[in-house]
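Two complexes come next, and they have one chain in common, chain A, joined by chain B in the first and chain C in the second.
For the complex of A and B:
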């Protein structure tokens, strides 16, 4: 136990902690998150009843057949969605990457028209990736009907915007000499791309795309929450019906799927080292994309690509509503979203730190293995799925959002924290122990100062991420501005929905700009 | 130029042929007011019957989203759908649709207010400051009408209850109340009776604390441009369903109908004004 006599800075620490809690107090009020509710007897009864229902996992043949079908659909939607994203992102990168600009490679003055077009295209990409993929899915579910097509389009569009930016940056990070040589001999943009930039950047492009494919599978698995098919749809139904046995089977399947994709992507990265491996990847990719198309196509309506009705649908969103009542409630939604993300990240810092210490092996191998397993579970289940589960534990509203963010982020941070602990130099702590310090004091003075700055940096980065996630948790009933968006779309109040989406975009841009500015200041 | 026009025109024709093609399959769906598996089970014999009566293949398209059914019907992606009163009003506002028939029960439909026995509530007033669940936000008997009648009693859900949740479906609302996840809720009387009859609800945990006055609810609606001859056949098929015929009795029982009667848009004026008053329709 902590012994104040052994910790000279105990008073300071106490004051610091209390000050931090006082700063966080408004977020507790705003989100209505009461940690003590979690320890209430009532909550535990509901929760235990539900968890007891988890066992045994459902294993009826019909049910398993359905799970298998939907799992394949989830995989296929992610694969086809990513193919669409590459089809959007690669040409966009080709058009916008500064690495291919003649002005940078030769002395030729830039054409104003081309520069304007490029800026416009970059702006479009920002908008595509600024709207979260689950919101795209919700919109497409309404526009093109249900099933897997909305999931494919949502992943394609949101990830297309992301790939366009990252691909362009990857091209920019390569040595410019080959492109310059080609440019000097009069080769066009496409030739500079195909013969200079692409061959250099290929391994990195592939490796990033594979990473995005992993993300796409996680995204695809939760799209069923808005009616876009896949495993998520089954989880949504089972959760609503409080059928714990089905939920546990589905969660197990989902975790297996995540592990499988991680293994496949590892394999891909290794295969890139050899020529035969590269060909293998190309063939496998082609087969996977065609197979996905074939599998999903059967479920799509014949007139799936009815662009006229898509157009009608889009027009309904204009002009965005802007009455005072809506703006006030949107502002409140934003505030709630921010409070959720802040409190969730702060609690996850504590949770991550508490789990990181055993996960770094400080309390023996058994505890290390157990805490690692827990971390993987927390991290492996997507935030939106945690939110749907948290709604059961603490009821609908922002408190569930806070719990979901805390759980998922604790898993992410705990793993990162454990790594920093393992990498920290052990000597200072040993020296303190040798000098007769207690275990706690030795840890607090020998280890913690080495890692704390890194921990805070990781947490701030996750917070930025969590703000974006908090905007969509409302879709499953976990508070924030997403709740309002879901309701508006359910009641066909499209102009209201437009305003809320714009508010989400502005929030996401503001956070991105702020964090970029902060990072620049910290670097300089 | 003329050649281009001809090409474009024929392309347009080909495209429109895709939608206006002679009906070879009837695409049918229903708002997901119960679990998807339950909807499919309920529909199977009715689908087979309609197939026999109309001579057209009937395909049930499962949809998990209320608003999705409305959009699909008004954008001609579905031919016929089972809609609630409110979803019908939404569809009629967004495109041309024709309501055909409804169950006799739908002409005097009601909703139940329920509470968990653990909450100790015996009336709506007792639920003040407790949590409350509606079904789907787009539901007539699970949200709109209960909300409307609550407001008539001077109860504004958002301020009267501690928090207001949307469970998504009628059977989910019962599951939530039974588990103690929320203290009270509202759902359609028909589903409540079915759950009670089938012993799917533990009456020591959940009890009814109120019933709404009657209103018009569910109907079967087709898209406005469906072939009139086919519309006639479908309507006739529904109307002649006879409880004396054992096979048809099964269909009616699954639909929880004594028989089907014709319906008309005017029946839903009341729902429309209730939706406006409750602020769910602008």
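For the complex of A and C:
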């Protein structure tokens, strides 16, 4: 008895499905992504030839020495960059956090001048973190030359904007009474910070900074793609020379690095519980920052830092170009970026789901271990590195970007999906199996309804993230608005670059505002 | 014989739960399983629906030994065994129509089952099953929009829709008020009688068991204490069965399955 007209949800579902298809179909056209290319013989030959070259990993003494040097540089750039970020973020938070405002703590009338200054500072922080760190690195490479200095500056500035905001929020989430008591007895802003807010918030501030340090190491490892030193530089060279053995050594080193930082950050969080541990962290941090400075300083230009030339370079970006041809091509770049992110996220939903099922242990321990390993690999290699690899496989252009986003996001989503599967109640499925249902049908009726909504929510969240990532994949030739930016900067068209950076900023704000509005609507 | 236990024992996590249970139910027979909480009633039913496998003893269901069957034959045996669970095993966000349709997954191809999720078919029969538990108009709602008692009745509708030859029910009315409980037990016994299906139901309430079942099986501490026609069950035997239990206090829900979050 086929009677779909009676299903009250049928119309809504049909419209939803058609809408999704209508959104997805053009993304294939816009990105030129042809899934069948992946199954094409030539693609496989290139990949297999390349991957076959992975073995054995390169292990010549000279090469390993170079890898060691660049690994230390990567770590040092991340550490010094984060130190700079803290130096920017902490004072900014001190100045802007509402938790320290006398007007909020006591009945003191607010000063209009101070409020305006704070708003301006907040706006500046938004701009600092709105431009992705790799774009900052690209700009600084143009301004101060190749090497690790641009990486340090890029991480410092982008993360400074982020830390300024998050530190301020952490201070605001603490109980207000201690600061209020101090304010009432006439203590100034700095005193309220040092004696009331800081002691309360310190563990959280440190733990967030450590997390950011982890992120900084991942970021610093790919800065080499724009000439800002570190292991990324070696990977870039080895990729361009199709030297698989070197690439595999570097990827292994990179994964080890990521695991090492995760272990260190775990250790830091534990150490915070004791007084001796806290002192230990302080000493280790100081030593790491000074050591990084000493290591990197050798590679930097010897003459005094030329602020004037940096100023000149900045001035060249104004006024941003706004001719119609540029605006049209920027709009197209944005559209391409959106298409890449949407298609990449949609395909990653499928990939993540396919990997999550074995990773949740449904096909035995061997497949579970294997699929977890694959998920960790997909997730551990940064998107920009996947993009560089994808360009080899499918050529320059947005199709490579789609492939890179799909691979990396499949790893991220697969792990999350596997967790939801493991947390889902087993009884519904067990009951269906006991009533004679096949394994797949029992999964579809017993497990899937429990996890599907969560899977969609995770995917939407990742999509938001992927839009931001898609804007920069063009730097390694994987399409989107980043391609145009890279080109403009290579041709010294600073005013064009300025327009494209503004377009990126607007896109990132629009996405953030939209997702905040959507989330608020979903919560209410 | 629809159900035959020959000295069946079960241990869970190393601790013995059932000791040498011997039990036989003829085709079309109806029996109630009674006993204090923790006696092993749920475990016994989970052996009878092949969710658990006995550690020792012989077990036959609908004339077949389930644990010596190849996979495909076990599946076709299972489609003739229907279970009403104490906590209905329904995913919260699933729609009632699919929750009931899931009763026949065993007798459908995979393609048909998946198509069913997109385009519900056979809705008239599903609605009939729901109407019998007074939920006819909730067909298109989601399970988490229903109360606990309503969800339990959805679980019953699923088994009605499955139409099994061996019907097992584990405290199927524990979440229902007394009037609805009586109505539901009557529904299940009538259903089994009209299709000549065999029915084994564990019950919390001795009164309901005496009122609706010709045969009572008393279980205590993993052993069968008595297995008698209802006329032969004495007050003394019932007292011994429930000894040490405070009858006036609401008993804890018997052997709760790990499934105790909301539907």
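Throughout what follows, the second predicted complex is superposed on the first by the 500 of 524 C-alpha atoms of A that agree within 3 Å, B and C clash if a C-alpha of one lies under 4 Å from a C-alpha of the other, contacts with A are read in each partner's own complex, and residues count from 1 in each chain.
As a convention for this text, a residue touches a chain if its C-beta (ideal position, glycine included) is under 8 Å from a C-beta of that chain, and two chains touch if they have at least 3 such contacts.
Everything quoted here is computed from the prediction, not taken from an experiment.
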Just chain B (first), just chain C (second), both, or neither: which does A:436 touch?
second
Should A:427 be classified as contacting the first partner (chain B), the second (chain C), both, or neither?
second
Just checking: does A:240 make contact with chain B only, chain C only, both, or neither of them? Give me first, second, both or neither.
first
Touched partner set for A:199, first chain B, second chain C, both or neither
neither
Which partner does A:143 reach: the first (chain B), the second (chain C), both, or neither?
first
Show me the residue ranges of chain C that touch chain A in the complex, using the header's touch definition.
49-51, 75-83, 85, 87, 89-95, 97-98, 102-103, 105-108, 110, 113-114, 117-125, 140, 162, 164, 257-259, 261
In the complex, the residues of chain B that touch chain A are 18-19, 35-36, 61-68, 70-72, 75-77, 90, 93-94, 131, 136-138, 163, 165-169, 171-172, 175-176, 179-182, 280-282
In the complex with chain C, residue positions of chain A that touch it:
1-4, 6-10, 13, 425, 427-428, 430-438, 440-442, 444-450, 452-453
Which residues, counting only chain A, touch chain B once they are in their complex?
42, 45-46, 49-50, 141-143, 145-146, 224, 226-227, 233, 236-237, 240-242, 301-303, 306, 309, 312-313, 392, 395-397, 477, 487, 489-493
